[in-house]
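Structures are listed in the sections that come next.
The following pair of complexes shares a single chain, chain A, combined with chain B in the former and chain C in the latter.
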Partner chain A sequence: MTRDRLRIIFAVGIIAAFVGLIGITYICSSPDPADSERYLARAVEETGASNRVAGIYLNYRLLDTLLEVLVFSVAVLGVRHYLQQSEGMKLPNLSESEVVQTAVNFLAPLALLLCTFFAVFGHISPGGGFAAGVIAASGLLYVAIAHGIQAMNAQLNPVRLALMEKVILLVLLAFVLAPAVAGRIPLTELLPTGTPGKLLSGGSILVYNILIAMKVFVGAWAVIAAFAQHRGEL
Partner chain B sequence: MIARWILLALLPIVAGIALTQTRRLSAIIGMGLFSLLLAAVYLLMHAPDVAITEATIGAALVTAIYVLAIRRTGRLAVVADEAPGLIAREGDSIVGLEYEILEGFARQIGLDLSVHFVPLRRVRWLVAHHEADLGAGGMVPLDSGEGALASTPMHLETGVFAFPAKRRSFNVEPIQEAPDYEGYFSELLEHDKNGTLSTAVSSLDLARVLSLGRIGASLQDLGRIDGQYGYAFLIAKQRTRLQRDYADYLTQLRASGQLADMIERHFS
Partner chain C sequence: MAAIIAFVLFGIGVVALVLRRDLVIKLLALGLINAASILFLVSIGDRPGARAPIQLPGDLGIVADPLPQALVLSAIVVNFAILALALVFVMILVERYHTTDSIRIEQEMAREADDQETPCL
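So, the complex of A and B:
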């Protein structure tokens, strides 16, 4: 009974803190129209990323992006937590015809290649870590459709994947806080901006894109594997 | 500019097409197409980042998840042992009265029909354990009212047969299932050659008896069991919605005279 009450107090506290935070953010930093003009006019020069969109959401608005990544992590955590309460199912491996398998075997490496391209060149051309991770996860999902999800789970250990997801999140947070170790304010640039348009430019954006791509890829796959394992659906 | 207007005009049309599909896979492909068109619109509006995200999530990931999800729920999984005239393989296709009924029913409720041929005794087990939706192949439900199995309304009258050895002990041990034998129907001819037919078979239905008779099996000892019997499909007791849908479909089929046409086509 007291434990339940504690939980309720804890939940209410979290919600209150969240609402409070939003309120403070709203009061303290009402959006300044001059900001957006500055972003558009000077983003390339200031961030070093020739893709202005990446420059904005992984530099000026890095905190927003980090919260987005956290929301995704909480979703993955929630799915895994609630599915682990239901017992696992032993189901026959459903695989598709040879036509589908051959097509997927051809397309899956392409998806991985595209994922790498979008993650690595996200600061120069359209793309970015989120899209890259989703592409790789879709590629893997199509392999699962063709060869059967149980066969995929035998190859990729779901427990290890879930662990990997958390480790990537920690590395990402460490990278965000790292400037503090160098005697600067967290969330500021750690790496030099470089020449816009070159592969090694845009400061930390390249690293963020790669980490986010890995995180989204592993997280999306962990959710799908958990659904398949515990509910027998998919 | 014109391309953008054409794509924008196509969006509600494709959305309408996706919404009105009864077959689930078609609806999913329609949704994927909608996302792809939307991605093209974003691209023409000079938002390539948004276009990439829309294409990867809407067209690739969501489509894949839906396709995986309907693999179990989007199929009407039927298990059966072959019963000549009712459901049987002919070359690469499956033919028969029951197959035709099931095909129409699957189309009506918007599912893809998949038929798996399994040994006869496995049919009841698979349906009772929810591994399959319907059990077919000349099943004659004997009203026991127990267990996890129910049956659909009958679609064709038939008779039930057993060997005298079984019939003599009828009062002590009535036949539990009809038809009932070891393995596949196609193996019964092998049993006939070895002279083990009467030990392998507990009971048979009219379609199988006629088929065995045509290929020259020795059935002199076989006797007909008194009573009114009919073919129906097996279904799990808990699947009340599927039971109701099927009962409605069969009523409709009978009322329109299509069922009588089908029976005439397959058995005359």
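So, the complex of A and C:
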């Protein structure tokens, strides 16, 4: 009973934070005729990120990106909920041959390394949080295919991962709302812009990229694990 | 050119979505429609001789319009969400009716509804 109540409080908290965010942004924002020419001319200078696409979706259009992350979370929640309700097929669990296992043991760390690179350097080179998260999740998918989903679930507890996903969402929201505590408009820049092209530039974009990469990684893995558990194997 | 390919792919997707009876193929068609939309949106941001919109030191060349590329990210994520959820619903339907044929599933559902309306006659 208390767990259910906690969950409801958690959900209401997240929804209230989003509604509040939209309301505050609506009240505080003044209409600005921002077109793509302005983005092209001033995006790098204003956001500090060499990657203009990252500058747009994590600075000018941060609210869109946040709602996108929320859509992703709702999808993960829906998949887990509906798959838990139905019975599943429970196919026998078979692991792959030793050749595949050895190849995967070599490839999976590379995927995680690529994920880290794309997340950390997403603001100065091609990449970004969403792509990085999907790369890491596919690296984990290789491992699950080669070694079996049971072995993966023993290492990564799906319940804990689902909790971690929500915690990351809350941290992301807290980071977005943090400027409000300092008496500024939420969604505005909290960290210094820096010199474009350097690693520590682009203000909060680096933090957002890393948080979104973790979020997408955990969420995509939660979806894969739910499907695999439902079927019994991948 | 890319826009024409996008329209052709979109057309194939819509035709498959409407005419094919298999639910999994319908989902694949939905994915194709989404990919075509993404291709179209990215292609309208292109300019002749343009490169990726990433600023390198001392570089003042022509770059592609970054705005459609940034907006397309939403389309990709929403497509992932829709496909994952729709796949779950298809799995539930298949477990219940043992077919992916949409018309047969509708017939089975109509029969079930009839059975419920006229009990023990």
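Just so we're on the same page, the second predicted complex is superposed on the first by the 192 of 234 C-alpha atoms of A that agree within 3 Å, B and C clash if a C-alpha of one lies under 4 Å from a C-alpha of the other, contacts with A are read in each partner's own complex, and residues count from 1 in each chain.
Note that a residue touches a chain if its C-beta (ideal position, glycine included) is under 8 Å from a C-beta of that chain, and two chains touch if they have at least 3 such contacts.
Note that the coordinates shown come from a computational prediction; the quantities given were computed from them, not determined experimentally.
Applying the stated contact rule after C-alpha superposition, one finds that A:M164 touches neither chain B nor chain C.
Of the two partner chains placed around the shared chain by superposition, chain B is the only one that A:F118 touches, whereas chain C remains out of contact. Legend: residue contacts after superposition of the two complexes on their common chain; A:L141 is shown touching chain B, with no touch to chain C. When the two structures are aligned on the shared chain, A:V100 is found in touch with neither chain B nor chain C. Residue contacts after overlaying the shared chain place A:A151 against neither chain B nor chain C. Put chain B and chain C next to each other and count what each touches on chain A; the higher total goes to C. Contacts of A:Y82 after superposition: chain C is touched, whereas chain B is not reached. Judged by the touch definition given at the top, the superposed model places A:S50 against chain C, while chain B stays out of reach. Look at A:G127: by the touch rule set out above, it reaches chain B but stays clear of chain C.
Under the contact criterion defined above, the residues of chain A that touch both chain B in one complex and chain C in the other are 51, 53, 126, 128, 130.
In the complex of the two chains, the chain A residues touching chain B come out as 51, 53-54, 94, 118, 126-128, 130-131, 134-135, 137-138, 141-142, 144-145, 149, 220, 224, 228, 232-234.
The touching residues of chain C, counted against chain A in their complex, run 45, 52-57, 63, 65-67, 69-71, 73-74, 76-78, 80-82, 84-85, 87-89, 91-92, 95. Here chain B touches chain A in the complex through residues 48-49, 51-53, 56-57, 60-61, 64-65, 67-69, 71-73, going by the rule given at the top. Within the complex formed with chain C, the residues of chain A that make contact are 36, 39-40, 43-44, 50-53, 55-57, 61, 64-65, 68-69, 71-72, 74-76, 78-79, 82-83, 85-87, 89, 124-126, 128, 130, 196-197, 223, 227, 230.
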